[in-house]
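Shared chain: subunit A. Partners: subunit B in the first complex, subunit C in the second.
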Partner chain A sequence: MESIVFGIGITALAGALATVAGAAENTESDIGSQGDPNSQVQLAPQMGYIHRIFNKAIAGEPPAYGLWVALGAGLAWAFMAMQINPILAIVLGSALAVFVQGVYATTAYLGRIASLSKFGQPVFIDVLKSMTTVTMAHAFVAIFTTVTICHLINAALGHPFPLPLLGLVWGIALGAAGSATGNPFYGKERQYQTQKFGAGVPIAASGNIVRYAEAGERNSLDNGWFSAKLGGPASGLCFGLIVFLELWRTVIFEKIGAGWGAIVVGIIIILVFTVIDRYIEVWARKNYGPYGEPAKEGS
Partner chain B sequence: MDIPSTIAGIILLLVIVGATYFLVGAGMMFYALIGVIVGGLLIAFGVHFVPVGGAPAAMGQAPGIATGVAMLAAGAGLAGLFGGAWAAEQGLVVAVITGAVGGGLMMAITCMFVTFIYVFGMGIPCASGKVAKDPITGDTQTEYKSQGTEGHGLPFVSYVGGVIGGLLGGGGGTLIYIMLLDVYKEALPGMMKALPAQVLPIAVSLAGIFAVGMFLVNAVLTAYNITGTIEGPHDPKFKRFPRALVASAVASALCGMVAILIVAM
Partner chain C sequence: MTVKVEVVEGGIPHNTIMAAGLVASVIFIYLTYANVLTGTQLFSFFGGLAAVAAITWGSHTIKHLCSYGIGTGVPSAGMMAFGSGVIAMLFATKFGVASPIVAVVLAAIIGAVLGFLSNNVLNMRIPVMIQSLTEMAIIGALVLMGFAAMISGSFEFNPLTAGSVTILGLSLPSYQASFIGSSLIAVAFMLGGIAVQHPFNACLGPNWTQDRMLTLAQECGFLSMITAAVMSMVFLSFSAALVSVIVALVGWYYTYTKYIELSKRDAAAWLDAKPIPELEGH
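And then the complex of A and B:
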């Protein structure tokens, strides 16, 4: 009984950490403009729209986070093997991994923007100075929390994978969940804020991203502020639920029916999410209505 | 399908399988190779189900999840592998199904949040650009597409496709892991002259890293077959899967042979 209570506690802590990780990951990738919406940041100067948005999309979020979290986990594992306290080891490992992220962000920005020089896009050194450190700070939060989850799963819950491999697996899953959930909000709602709400961006508008803010030119810190309002928390909830439910079903139900208990509970959870998804889809169809209706709808 | 390439692929597959048979005999290692190939096929087939919209989906210009094919499939499959590896002691069938459910669970949650963001964050209903009616629910799609786009969000059939893709990917990744784990647990103690308990961490790490690697090989291979974006099982591009299966069988056989021969020779 005690071990189950301990397992539930660890599961809850891991779920909470994953929520923070997901939110930080999405905000970091939006400030650095690393997700798929970056196609527009790259396209804008080619269409004549010069901007001051950061641009570091030389790898997708999942492999990039796979690298950084595996690096943080591997270094933490090495420090722990040197008899350093786990918390300090995780902090040190994550901090060193963040330096790699900083080098990545700097070289990616310079390379990406320099490739646009023939379209008149300048490299803004002040953008590099002010944004890189902010993405590094968010990346530290995401990497530290994810490495801590991996350590809890390995040391407290007894998963057979070593810490660096767990870091790779959960780093890729973190990037996948964060980019899937947060990208549309950053891409559609922020980059194309001038387009109509409640409709997709017409393909003809591609590249015409919003480049001016309330005062002066918009920069990526403004984008981080915006996406932290919904895209970040939603990504956090998404990754938090993935980690929490995956651990919860295993910790509590694995012993029932020689492993079949966890399988049945997993299938039930999938069905519950399917019902929720269908409910949201139908709700949107009823409340928003079709675009193609004639004028009496006022559309 | 391109018949000459298919035949060449099948011949290559038979050569690799034959060479492994010649080198290791008809024992457990040979069956592990077959298991690895089946796992690779499950992954390659599963990736075709995952609705991936890439960059256009991030602007609500095309349906699907706004990320890359290989990225998302790897995220789901590895989450499944995590669960499957945990259940490895419960036997092959339970572990593979646990891995499958882990992958499906990751996709179910992610797809639900994609719909959530589209509907409540962006005020956009789901609409497919490839079919007039959702094959599962029968909902009409065309009038819910906003002007100048190919559709947006995840219609229900795409959601179901995502979950099936996660199930197949998670199961396939776990199958590869368990097959290789058995090989390493058997071969490493003799090779390193150590007790089975001492080599277990090395066996787990080696099998885990090979499973992750083979997952990425199959996911990336399939991403090339899909070329960019796919809406799910109702997308015309889905019909391209047979050629990905041939390519995946060859790639998995080659990777599997290398993974087995490092301890067999």
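And then the complex of A and C:
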């Protein structure tokens, strides 16, 4: 009984850390225009819309965060193997991983913009200087919390995977959660505030992203401010629920049926969420946007 | 039907880069064998240089492959390379001194099979697919073997799986404290996978230039090498790890500043805190 209470406590702590991680990850990637919104930022100069948006295309978010978190976890593992206290080891590992992330961000921006010189898109050094540091700060929060989750899973819950492998798995999960949940707030909403809500992006509007702000020219910090309000918390909720439910079902039901209990509960959770998602989708289509009728079932 | 949208104009031909990358990478991995011959660990940093050579070659292979518009993200090519390369690398480590050569041969076979499946079974029909996937698998295997040699000082199976933990002054053998047992190989996988796809992913566009992309590839390699050198402190003596860190830092600083200069050369303008310039007709 006591071990289950302890396990639930760790589960709750990991879920809370994951919520912070998801929010930080999504804000970081939106400031850097990473993930699917990147295509429009990349396209804009080619359509004649020169902008001051940070274009940090490193990879999709899942592989990029797979690297940052695996690297942070690997370095933390190495420091712990050198008899350094775990908290300090995780901080040092995350800091070095963030250094790598920052260097990748600068080279990605310079490379993408220099390759667009045909269209007259200049490199803005102030964009590079002011935004790389902000993405690094958010990335540090995301990496530190996720590596801490991995350490808790490994050290407190006794997961058999070593820390770097857990870092790879949960890093990819973090990137996928932020990419799937948070990006629409930036890519579908913030970039196209001039278009009718719910209209999609017609071909004629491709690349015509919002480039001017309430005062002056919009930069990616404005986008970070916007997506931190809704996209970040939504991603945080998503990743927090993933981590919490995953650990919860393992801690509570693993003893039943030699592990099969946890698997069955996992399948039930997926089915419950499928029903909830479908209901929300139909409800949203009925109430918002220019859709007259909800699409046929099963589409 | 795929259409080739870009060609490599001028610059170093792909076959030259391929030959140079392959030869340099294998030689650098073999230079880490000087550790065994001299009984020190000071030559481990050559493993990192092997990875840099293979990553540079890999970035150009991805450019070569993706110029056909394969309809997928560039990063997937990097993951593909390491997914096929890790099998060859792990199997090859059982062959002792011959490991790097076995890794190259085995990776070539795995890559060719994957290329054949993509082209003839999945009907992708991209002319350079079989050659590129063969190259990518070899690159993946060589980068992983290079990082393995750099972090643990050896490219053979037993040293890669045997570590030791010190508890209260007693040294106990532990599988979990080894390069493979601790899954540092997963970190090496991602370090290489992102580093090999990033140069082309970052430099793609109408004004792509070969020297800028290859410099960025070297920069990514040295950057990965810095972190690998820090991780090698667990397995190697402090002096050996320090040599690795210094080599990596010097290489990284040189290639990073060179890359910024090349970006400055290629950029339309280099502005600091200036508004969006007005273009004619907009």
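Here is the rule we go by: the second predicted complex is superposed on the first by the 285 of 299 C-alpha atoms of A that agree within 3 Å, B and C clash if a C-alpha of one lies under 4 Å from a C-alpha of the other, contacts with A are read in each partner's own complex, and residues count from 1 in each chain.
Going forward, contacts are C-beta pairs under 8 Å (C-beta built on N, C-alpha and C of every residue); 3 or more make two chains touch, one makes a residue touch a chain.
Computed from a prediction, not measured in an experiment: that's the story for all the values here.
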Subunit B versus subunit C as contact partner of A:111, first or second or both or neither: second
Which superposed partner A:103 touches (first subunit B, second subunit C, both, neither): second
A:144 touches, of subunit B and subunit C: first, second, both or neither? neither
Touching partner for A:248 - first (subunit B), second (subunit C), both, neither: neither
Subunit B versus subunit C as contact partner of A:263, first or second or both or neither: first
Which superposed partner A:226 touches (first subunit B, second subunit C, both, neither): neither
First (subunit B), second (subunit C), both or neither touched by A:284: first
Partner chain in contact with A:183 - subunit B first, subunit C second, else both or neither: first
Residues of subunit A touched, compared between subunit B and subunit C (which is higher): B
Which of subunit B and subunit C A:60 touches, first, second, both or neither: both
Subunit B and subunit C footprints on subunit A, overlapping residues: 60, 63, 161-162, 165, 168
Subunit C-touching residues of subunit A, taken from the complex the two chains share: 48-52, 57-60, 63-64, 66-67, 70-71, 73-75, 77-78, 81-82, 96-97, 100, 103-104, 107-108, 110-126, 161-165, 167-168, 211, 216-217
Interfacial residue positions of subunit C with respect to subunit A in the complex: 73, 75, 78-79, 165, 176-177, 181-184, 186-187, 189-191, 193-194, 197-199, 201-209, 212-213, 216, 219-220, 223-224, 226-227, 230-231, 233-234, 256, 259-260, 262-264, 266-277, 279, 281-282
Residue ranges of subunit B in contact with subunit A within the complex: 54-61, 65-68, 71-72, 74-76, 78-79, 81-83, 85-88, 90-91, 94-95, 97-98, 101-102, 104-106, 108-126, 137, 139, 142-156, 159-160, 163, 201, 204-205, 208-209, 212
Touch list for subunit A against partner subunit B, complex: 35-37, 39-40, 60-63, 159-162, 165-166, 168-170, 172-173, 175-177, 179-189, 191-192, 197-206, 230-231, 234-235, 237-238, 241-242, 245-246, 249-250, 254, 258-260, 262-263, 266-267, 269-270, 273-274, 276-278, 280-281, 283-285, 288, 290-293
